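There are structures below to look over.
In what follows, chain A forms one complex with chain B and a second complex with chain C.
Then we have the complex of A and B:
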């Protein structure tokens, strides 16, 4: 905000750099804005953090306190018993391990496919480039639908295998376009020089382009890994065996299994609510890796997306 | 988010179902019933009610299995090995998380990939699959199921079974069957508070009102009834005694026994009375207006912290939610009251049908079809099967004394029985699970009840059970048309019900509301139902 108050302008002219060396735009309006801004963001942060903290607090609390709604930000009746129970449950660890395996494999495959596809698309001299872009973008708007997809995966024999969750969503078109834009922004001259020095296409990609792309690759790792970690739907669709389920399916069943049955008006006594304490412990353990790793990759994430956004 | 997903999924699967099955429905033309030659491999030749089924050669059966979060499925359950040991049948479950069971069921049936046995299907849920031809009309094969037939006869289940019939006169669901109605949901009251104020437990809905009012006099700042289940349970049970349907049990059409005709439920005088009653509770500050919108947790919290004194309940929620919650209030006690009587008298309207199973039409092509039906008959409908899936194996999981009284082994727990035992009947053995154990004789059902619950059931059994509405099955074309009317009608009724009860809409505008219903096709809809009813009556007597 620029001030139009003549008195203030005059004051500023009269007392140049010496008095206020660096803070040129620091008008009253701006200061108000900053205060409002900080307050607003603090509120947003609080609203966003509260559920997390609440779940963490619940996970350490006694069920008795949760049931009566007395747990907010601080655990009441602190105990680690439930953590003990969950941690010693082989079903939980088995699904956890599944999630790790699926996430790592899927992220690796996605990364290789997205990088190579995006690199190809970034080359303007490529014939049929428009078609290749079109093929990818087409899938953003149209898909076969649930049952055809299911039939396809079954017919390919991928049901109940790792591939069913890893392959169908291997390339995210959004990520592909971000990466393509990033590659397009790299100076052409670098690659030309490398070619003159005797590198072939693969050499250029592996030795010149990729080392310069760490930021965008880190971003892609983050995007893909988080998406794969959280995903439950394909696993739910394509797996028939409990020992293949990722932890998200396990968690989802726990959180909404009983609720679903009640909402149907089932009169059957089989509907038992899972203890909220157990639910929250499972949630905490499930999100933990993402929460721990996120801050370390996040700095790449910001620069990575920005780099792709501006063309030279 | 969940609901959005559900809707998208439902729409997608419904669309896919039609498309997907157009392809495979052709091959099922000859499912007429009698011709079972070449399908008797592994079957017993003279299998009859009371016999234990044992396949003459090994059989493998796939079952769509709803996996309960409280007792996740395990391969080494005694249940599985014992089934195979007794019957020579190996059950191969297709595991589906309970949270999304219905979606997966629609998907696999739609994709033509359903296991032979599709468990955990509630009456009317099979309707969506009938037109596709993917589901076997099981009524054609009841002769293969002597135990079920015996139960139908002995317990006089025919009228209830008839409610399952489709327009072709057949039914497609093998329901779970109870010997006697099993009402579970009702209101629970803080009994210590009733005693302290010198009040008796209310026996009618009018008494519920006066009791709530008396509690209000003692605690003027709180709502006496803050309900859970978004009001669906209390509306459901109260509606039975008001002679209509609402909440969970809401049915769009209501049968008038006198006029032998259907009317639109949400416009009947009975329904209006029900709405007026709850409006009175809310208007006088006895019932929390949030009862119809809040999630279960806040409702339980209010009850557990002494902010409310009555709440909807079933046998489980008393034990699992309210009693543990109320521990903080010294001397607090809670109990279910028998369903209060209403304008229709001391009645209830409870079907004896339970969730059951569908058989995939593909199963008929198998040469072991007859063996499969015999197996289903034994496991789900025989006395031996029902006891086995509930209690397990005599001498291993439970003992039976000379009087026939069963008791779990001391190191095995379930519910209130042996609560500190190291092993659990469901989690560690797979028995008393929702996919296999339901229905059966009253004696067996109540064998695991607490004394309190047995007493409740006894009180309830004294009530007159109102007859169910007669069948009025639609043809495929009618069903499609009916669905177009049903959704907006139901939405309007639901919305107006809530507005009337909460006082957002004045009850004097009832006629305007009925007119609105008319504008959304109420008249045509009711006519369609009545046509279907008449046609069914003519065809089937």
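Then we have the complex of A and C:
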């Protein structure tokens, strides 16, 4: 029942489920329900989109209209001034660049580690495979917790280095299981033939398996890249220097800095009360790459989730 | 290398009971290593990752029972027994945040678990493929946002001049300072969780719905079942395994509920309802530098989390026959 081709899975997702076609015999009650249903789903879509529309509207508005509560769906006092200010702010671009560097590095490392381990776990004949799977899966349900992790990173001397945000979450067990499920679904014969032709394990993985796995690799890249792009807590925890902050931490200090400065214990990096207009512009610029590519990557995510559900 | 040749020893147990067991084990391991060493070598770096960044911190939890000096050993200096455990058991703030964790976790489960099922069922009744796609695409979107953005949106919407207060005023109320007091935090938190997760949560249900045999509906219709009865007697039982699995997974994350989001949203004024175990131990440990005390609380939290998954799994295996392992 389970296919592994993302395109096909995505295709199936979009299909009217279980193909329950229009029938003449619908009762009046059901016809009424269908109208109500469409209205209800439109409301769901509107409520989901509203916060986006709101920050976009505020980002183009004049602060005085926001402060008097008059900006909801459309900008008031339309201007691009704040965009100009943020875009010409070197601190903003520095943090944006940091985010790009962290995301690319972390995604590459994660991809290599996840692929190799998933490939090993997909070999059912391997002695000790159960143990290797167990080592990974156990960490899904039990983890060391915040304090020991923090102590470890400090003792390893990783604070204020790239490694603190890149290494500790290098393998997501969920992604690992997705890849493992994919590798298990590949036909064994190809690899056997390649082995007979004299390729060793590394050769089989690089030349036979990986070229067949482009779809799942794309899914993994997207899973990891989006997670890293969005992450903020590791950087917030392990970086003391503002020039290392990714854009999410830059934004956090702006958005909740004023209200939570005392609760977070950090005062020096927190900006005071920043006006809503500036916050909105920063939010729009941060979220832009994700929202722009989202329609194109959505189906890969969906197929990844489905693949992960196979074995769980 | 990938040829699936089962070791002949594994199949028929040789009757020679005299052979020492560990020598036999040693020999099969040596054989496996000789045959698959390249595969094992691929596993080395990932294994190292798990050992250093996952299992070492687990061991690091011994500092919950030892005196820890920042900059000193990862595992603390001297044993102090259950000292830190008794401190938090006597700490009234601990019991307050424990209660908050429970209430927030329960409310989140109460809303975030069933609503995706409802949304999936509604989407399943849509006949226009284009419209269904549109609603799905839109409702998945919040899943891809950074929590910083989500928190930013929540704070903007609930501010004095925000949209929520404009709706309140439109209905004749006076503006509410939502984030300046404890009474609204739970509502705001759970609403934002629903906003963020409900669409994405439908994916597995929609997939499960496509696997239900259409003949079942046919048969039910012949027996005179209307749409509602079909949903109740065929659709819901059809997606029950998916529901149970997701319920177990949700229960497991019950205690670790929304740490990052709460950290972004709360402030001292909302602590009475917003402060949960994880945020409390974050402040105790990393703001006030009581590492051992915070580790003791964290260990307690993890243990409860593990116990919750295990018991949810056991209960579902006994009652509905579905389990994670």
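What we mean here is this: the second predicted complex is superposed on the first by the 245 of 312 C-alpha atoms of A that agree within 3 Å, B and C clash if a C-alpha of one lies under 4 Å from a C-alpha of the other, contacts with A are read in each partner's own complex, and residues count from 1 in each chain.
The rule we apply is simple: a residue touches a chain if its C-beta (ideal position, glycine included) is under 8 Å from a C-beta of that chain, and two chains touch if they have at least 3 such contacts.
Quick caveat, the model's predicted, so the values are computed rather than measured.
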| item | value |
| --- | --- |
| Partner chain in contact with A:237 - chain B first, chain C second, else both or neither | both |
| Which superposed partner A:91 touches (first chain B, second chain C, both, neither) | first |
| First (chain B), second (chain C), both or neither touched by A:151 | both |
| Which of chain B and chain C A:252 touches, first, second, both or neither | both |
| Touching partner for A:31 - first (chain B), second (chain C), both, neither | neither |
| Which of chain B and chain C A:64 touches, first, second, both or neither | first |
| Of chain B and chain C, the chain that contacts the larger number of chain A residues | C |
| Which of chain B and chain C A:81 touches, first, second, both or neither | neither |
| Partner chain(s) touched by A:124 [first = chain B, second = chain C, both, neither] | second |
| Common interface residues of chain A - those touching chain B in one complex and chain C in the other | 67-69, 145-148, 150-151, 154, 237, 249, 252, 255-256, 259-260, 262, 264-265, 276 |
| In the complex, chain A residues that touch chain C | 1, 12-22, 27, 29-30, 33-34, 37-38, 40-42, 44-45, 47-52, 54-55, 58, 66-69, 72, 113-114, 116-117, 119-120, 123-128, 132, 135-136, 139, 141-152, 154-155, 167-171, 188, 191-192, 195, 200-202, 204-205, 226, 229-233, 237, 248-249, 251-252, 255-256, 259-260, 262-265, 276, 279-280, 283, 286-287, 290-291, 294-295, 298, 301-302, 305-306, 309, 312 |
| Chain B to chain A touching residues, read off their complex | 2, 9, 12-13, 15-17, 19-20, 67-70, 72-75, 94-101, 104, 107-108, 110-113, 122, 182-185, 229, 232-233, 236, 247-249, 296-298, 300-301, 304-305, 314-316, 320-321, 324-325, 327-328, 354-355, 433-434, 438 |
| Chain A - residues contacting chain B, complex | 63-64, 67-69, 91, 145-148, 150-151, 154, 236-237, 239-243, 245, 249-250, 252-262, 264-274, 276 |
| Chain C - residues contacting chain A, complex | 1-7, 28-29, 32, 36, 38-40, 42-43, 45-47, 49-50, 52-61, 63, 68, 70, 74, 119, 122-127, 129, 131-142, 144-149, 151-153, 155-157, 159-163, 165-166, 179, 195, 198-199, 203-204, 206-207, 209-212, 214, 217, 226-227, 242, 245, 252, 260, 263-268, 271, 278, 281-283, 285-288, 291, 294-295, 298-299, 301-302, 305-306, 309, 324 |
